[in-house]
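The structures considered in this document are given below.
In what follows, subunit A forms one complex with subunit B and a second complex with subunit C.
Our next item is the complex of A and B:
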C-alpha cells in the first residue's frame, strides 16, 4: 500500500521539468506566434501585420528563399549524405573479427564532441585557397585545379557540407552500431547457408532491420540540418558577411539570427522560425511515410 | 598446409575492411593533428606553401599572443564555471526526475513519459526570439543564468537517468528504507544518488561537454568579449582580424584539450550513455 508521501513524491520530483518547460517552452512558443504577426523592433510592436511577415518572406524578401535553397542543399549533401557513409562504417566496425574497434570508434566520435567554432577555425585553414591542405592535395596528388573553397559561391556550400559530414558521420556511425547489436545473428547464419553474399546479406537483412534506427537518425539529421547555423556562421565570419559571396553560405537559421539579433527585426525572425518548424514537421512526416512503406 | 580459397578471400576482405576504416580514421583525426601543429608555428608563418606538417617551437609565443588578443583567463573561467554549475544542477534535477519515472507507480505515468519524450522534438530555434526578450525582461541578459537555468531539468537527462536508476536501484532496498522511516526525499538523497553514481558520472560528462561547446546561447546572451565564454571569444577573434593566427590556433588547442582528455579517458561510458536512449526509444 502506498502512503501519502509516496503517492506525491514522483509528481514533486518531476515538477522542475514541467515548471521549466512551462516558462521556457510553452510560453515562448505561444509568444513567438504573436510576435510573428507584428512588425516588431527593439522598441516593441509597431503595427499588426497578420500573415504579412510570412507572405513577404516567401515572395519579395531578397534573402529568404535563397537561404531555404541553401539549407536544402546542405541538408542533402551535408546532413543526409552522411548516412551512406555511416551505415557501411557501422557494419564494418560491428565485425567481430575486427581488432582495434574501440580505437576506431574513439577517433570517429572525436569530432562530435568538439566545439563547432574550433572545427570551423581548423577547416578555414584547411580550405585556404593558396596555403590550405585541401588544395595542396588536389594540385599535387590528383593534378587538379585549386578550388576557391571560401570565395566561390558554389564551393562555399561544398566546404560547409564537408564540415558537417566530418563532424557528424561518427555520431551516426555510433547510433547505427548500437542498432546493429540488436539484430539476431542467426538470421545471418541462415542467409549464409542459403549462399547469400556479404553485400546481399546486408541489403536484405541489415538495412530492413535497421529501418527504425534509420528513421530515428534521419529525423535527427533533418531537425539539425534545417537549423544548421554554427558551421556556416563561423566559417563565413558572422552577421555582417551574410553567408559570404552571393550569400552562398546563408542558411535559413543563419538568416533568422541575423534578422533578429543584427537587424533587430523580431517579427520577421519569428516568422522565419515558424516557417522552418513547419518544413521540419513536413519532412519528418515524409520520412515516416517512406519508412513505413519500406517496412512493408 | 595450403591456403584454402575461401581463407584467401577472407584475408582479402579483411584488408579491404581495414583499408576503409584506416582511411576514415585518418580523415577524422588529421584536422586535430594539424590544429596542434599550427599552434606551435610562428603566427606570421602559419600561411605557408607547402602547408605545415611538423611541430615547430613557437607554442609559448602563440599562447602569449592569445593572452594579448582576448581576456583568455576570464573566458576560460566563464566557460568552466557555467559548465560546472550546469552539470551540478542537471545531475540533481535529472536524477530526481529519472528516479521518479523508473521507481514509482503513479497516475498518468505513461502519458507523462510520452509528453517529456515529445518535447525533445521541439527545435530550439522556434523559441529563440521570445526567449531573448524574456531574458531581457528578467534582467538575465548578460548573466550566466540563461545558459544554466532553462536546461537544468532536461528531457534527455531525465530519460538517461530513468534508464540507469531502473537497473541500479533494487526495489527491496527502497521498501527497507521506508520501513526504517526515511522520507521520500531522504530516500532520494541517501539511497538513489549514491547508487546511481555510474549514471551520474556519464550524464555529468555529457552535460559538461554540451555546456562547454554551447555557442549559440553564449553568442546571444553574452555578446561582450570581456564577459563571454571561450568559443564565442575565439569566434570573435577569428571574425575581426586577419593578422595573428598564432594566438587563435593556440586558443583552439586550449579550448579543445580539456574535453579531449576527458573524452579519451571516458569514451566508452560517454558513447554508451549518448546512444542508450536513442536505440531503446
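Our next item is the complex of A and C:
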C-alpha cells in the first residue's frame, strides 16, 4: 500500500516538465486561437473579427491560396522527392563491403548541421545568374543559356527545391540507415538461397520492412515541408518583396512570418498558423492511412 | 471534461486581464525630470549606434548637461533588433527605455501603437523639434498628430558616380535635368572595355535601385489624403516606367544588391554610378572602394527629385516606467537637438544630421578629399531641406513589398507598367483591413 506522499511523488517529479510545457507550450498555442479571432497589431487587440480572418484568407486574400500552392509544389519536389534519393543512398551506405562508410555518412549529414546563414551565402553565390558557378557550368559545359535562378518564377521554385533536397537528404539517409539496422539479415540470406537478385531483395524485403520508418520520415518531411520558411526567406531577400516575381517563392510559413512580424497583423498570422495546422494534421493522417494499408 | 474547458477559458480570461493591466494609459502624467535624482536608462539599438552614442554619453559636454544618467545597452544586428522590438511591443512586455528605429520600420509603429506620443505634454516634441528637418518629423507623425519617434539622423539620396569613367565616356553627370539625360549618358558609360563581346562596364548596378526615387525613397506617401493607395497614379507609373526604360536601355548590370559581385563592382570599375543615401559615401570610403579615393563624386538626383534613403529615429515605448520616460526624453533631446551630439554622430559613423541648424557649421563646409575635394555635405543639406513631407501608414511595409514585386514584374516578367500597377493596386486593396 502506498502512502499519500508516495502516491504524489511521481507527479511531483514529473511536474517541472509539465509546468514548463503548460507555460511555454500549451498556453501560447491555445492563446493563438484567441489572437486569430482579432485584428491584432503591435499594440494588442484592435477589434473582434470572429472567423473573419480565416474567411478572408481563404477567399479574398491575394497571397494565401497561392502560397499554399507554392508550399505543396515545394513539398513534392523539395521534401518528398528526397526520399527517393535517401532510401537507395541508405542501402548503399549500409553495405558492409563499402569502404569509408563513416566518412560518407558524415559528408551526407553535414548539410543538415550547417548554419543557415552559411548556406544562404553559398547558395546565393551559386545561384547568382551573372557570376554563379551553376550558370557557369550550364553555359560552358553544356552550352546552354543562363538561367535567372532567383528571378524567373519557375527557376525560383527549383532553386528552393534544390536547396531543400541538398539540406535534408543526408538527414533522411541517416534515419533510413537506422531502420535498416533493425532488419534481420537472415531474411536476405534466405532470399539469396532462393535466388533473388539485389533489386528484388530490396523491393520485397527492405521496402516493406522499412515502411514504419518511411511513415515516420515522410511525416517529418510533410511537417517540415509545410513549414518551409528559412530557405525561401534567405533566397528571396526576406520581407522586402512578397517572395519574388509572381510570388513564386512565397510559402505559407513565409507569408505567416511576414504577416506577423513585418506587416503587423498578428491575428491574421495566427489564423494562417491554424489553417496550416489543420492541413498538416490532415496530410499526416492520409500518410498514416496509406502506410497502414501498404503494411497490410 | 467540462472542468477542463472551464479552466482553459479561465486561463484565457486571465491572460487578457493581465494584458489589459499591462498597458499604460496615454494620459498618465509623466513626472518632471529631476536633475538631483540618479537615473539608469537602457538603450536598445543596432549597428554602429552604440559606438556613436557611447562616445557622446562619455563626453564632458554630455556629463555636464546630464550628469545623473547612466546607460546600459542592448544591441543587436539590424534585423534582430527590429524583430525583438516588434515581439516585445506586441506582447506588451518590458522594453528598453529608449529604442532606436530605422526609418523603414517607423511606419509599422506609427499607427500600430506601442510608442509614447512625444507631441504631448510634457515632451512637447513638435516645438522642441522645430529645427529638425520637416520631412523626417512628418514621417513619424500619425494621422491624428501623434509623434511616435524623433529623427536623429537622415540619409538624403544622391547620385554617386566615378569621375574618371564619366570623363573617359565624355559625359557629365553633375546637373542632369531628367532621367532621360541620365539614360543617354548611361549608354555611353555602358561599354565593352576589353573588346571580347561582353559588356564589362555598366552605368548602374541594378535598374530596381531607382524605383523609389520618384516615390520619396519609398518612405510614406503610399496612400493619399482619402486613403486611396498608389495615388496619383502617374507618380507610381513614372517609377515603373523609369525602371523599365533603364532595363531596356541595357545600362544596368543586373547585379543583386549586396551580393559579392555587386559590392565588388564599385571597386573594380564594373559600375560607374549608383543612386543611394548619404551613408553610402561613408561605406565607399571605409570599405567598399577605399582605394578609389578622389575618384568618386556626388551629384543631385536627375530631374530635381528629392528622396531619402535611410535614417534613424529614437522612441520611448509606452511600457517604460513614467519617471524613466522623463529622463529618456532629456537624452533624446540631447542627441537630436544639440549640435555637439549631432556633429559627433556624423563624425563617428557618417550618419547625416537631422538637425538643420548644424548644416551651417564649419565641418559641413569642409572639402571632402575622398570625393575629390567636393563639398558634398552642402549638397546633402540641400537635398535634406527639399525632401517632401509624406504621410506614413501602418500598411507601408506590405505595400512596399507589393510594389517591389511590381518592379520585378516589369523587370523580369516583362509586364507593362500599366499591368504591374493594376495588379499591385488590386493586391493592396485586398490586403488593407
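Here is the rule we go by: the second predicted complex is superposed on the first by the 283 of 296 C-alpha atoms of A that agree within 3 Å, B and C clash if a C-alpha of one lies under 4 Å from a C-alpha of the other, contacts with A are read in each partner's own complex, and residues count from 1 in each chain.
Here, contacts are C-beta pairs under 8 Å (C-beta built on N, C-alpha and C of every residue); 3 or more make two chains touch, one makes a residue touch a chain.
Note that the coordinates shown come from a computational prediction; the quantities given were computed from them, not determined experimentally.
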{"item": "Partner chain in contact with A:216 - subunit B first, subunit C second, else both or neither", "value": "first"}
{"item": "Which of subunit B and subunit C A:238 touches, first, second, both or neither", "value": "both"}
{"item": "A:175 touches, of subunit B and subunit C: first, second, both or neither?", "value": "first"}
{"item": "Touching partner for A:261 - first (subunit B), second (subunit C), both, neither", "value": "both"}
{"item": "Touched partner set for A:31, first subunit B, second subunit C, both or neither", "value": "both"}
{"item": "In the superposition, subunit B vs subunit C on subunit A residues touched", "value": "B"}
{"item": "A:131 touches, of subunit B and subunit C: first, second, both or neither?", "value": "both"}
{"item": "Contacts of A:76 with subunit B and subunit C, given as first, second, both or neither", "value": "neither"}
{"item": "Partner chain in contact with A:41 - subunit B first, subunit C second, else both or neither", "value": "second"}
{"item": "Footprint overlap on subunit A, comparing subunit B with subunit C", "value": "27, 31, 124-125, 128, 130-131, 238, 261, 266"}
{"item": "Residue numbers on subunit A that touch subunit B, as the complex places them", "value": "3, 5-7, 9-14, 16-17, 20-21, 23-25, 27-29, 31-32, 35, 85, 88-89, 92-93, 95, 97-98, 102-111, 113-126, 128, 130-133, 136, 140, 166, 169-170, 174-175, 178-179, 182, 198, 213, 216-217, 223, 226-227, 229-230, 234, 237-238, 253, 256-257, 260-261, 266, 269-270, 273-274, 276-277, 280, 284"}
{"item": "Contacting residues of subunit A [partner subunit C, same complex]", "value": "27, 30-31, 34, 39-44, 56, 60-63, 124-125, 128-131, 148, 150-153, 238-242, 244-247, 258, 261-266, 268"}
{"item": "Contacting residues of subunit B [partner subunit A, same complex]", "value": "13-14, 17, 20-21, 24-25, 27-32, 34-35, 38, 46-51, 93, 96-97, 99-101, 104, 106, 109, 112, 116, 119, 121-134, 149-150, 152-155, 158, 178, 183-185, 188, 209, 212-213, 215-216, 220, 231-232, 234-235, 238-239, 245, 248-249, 252, 255-256, 259-260, 263-264, 267-268, 270-271, 274-275, 278-279, 281"}
{"item": "Subunit A partner contacts - residues on subunit C that touch it in the complex", "value": "8, 11-12, 15-16, 19, 23, 79, 83, 86-87, 89-90, 92, 108-109, 111-114, 253-256, 259-261, 318, 394-395, 397-398, 400-402, 404-405, 408-409, 411-413, 426-427, 430-431, 433"}
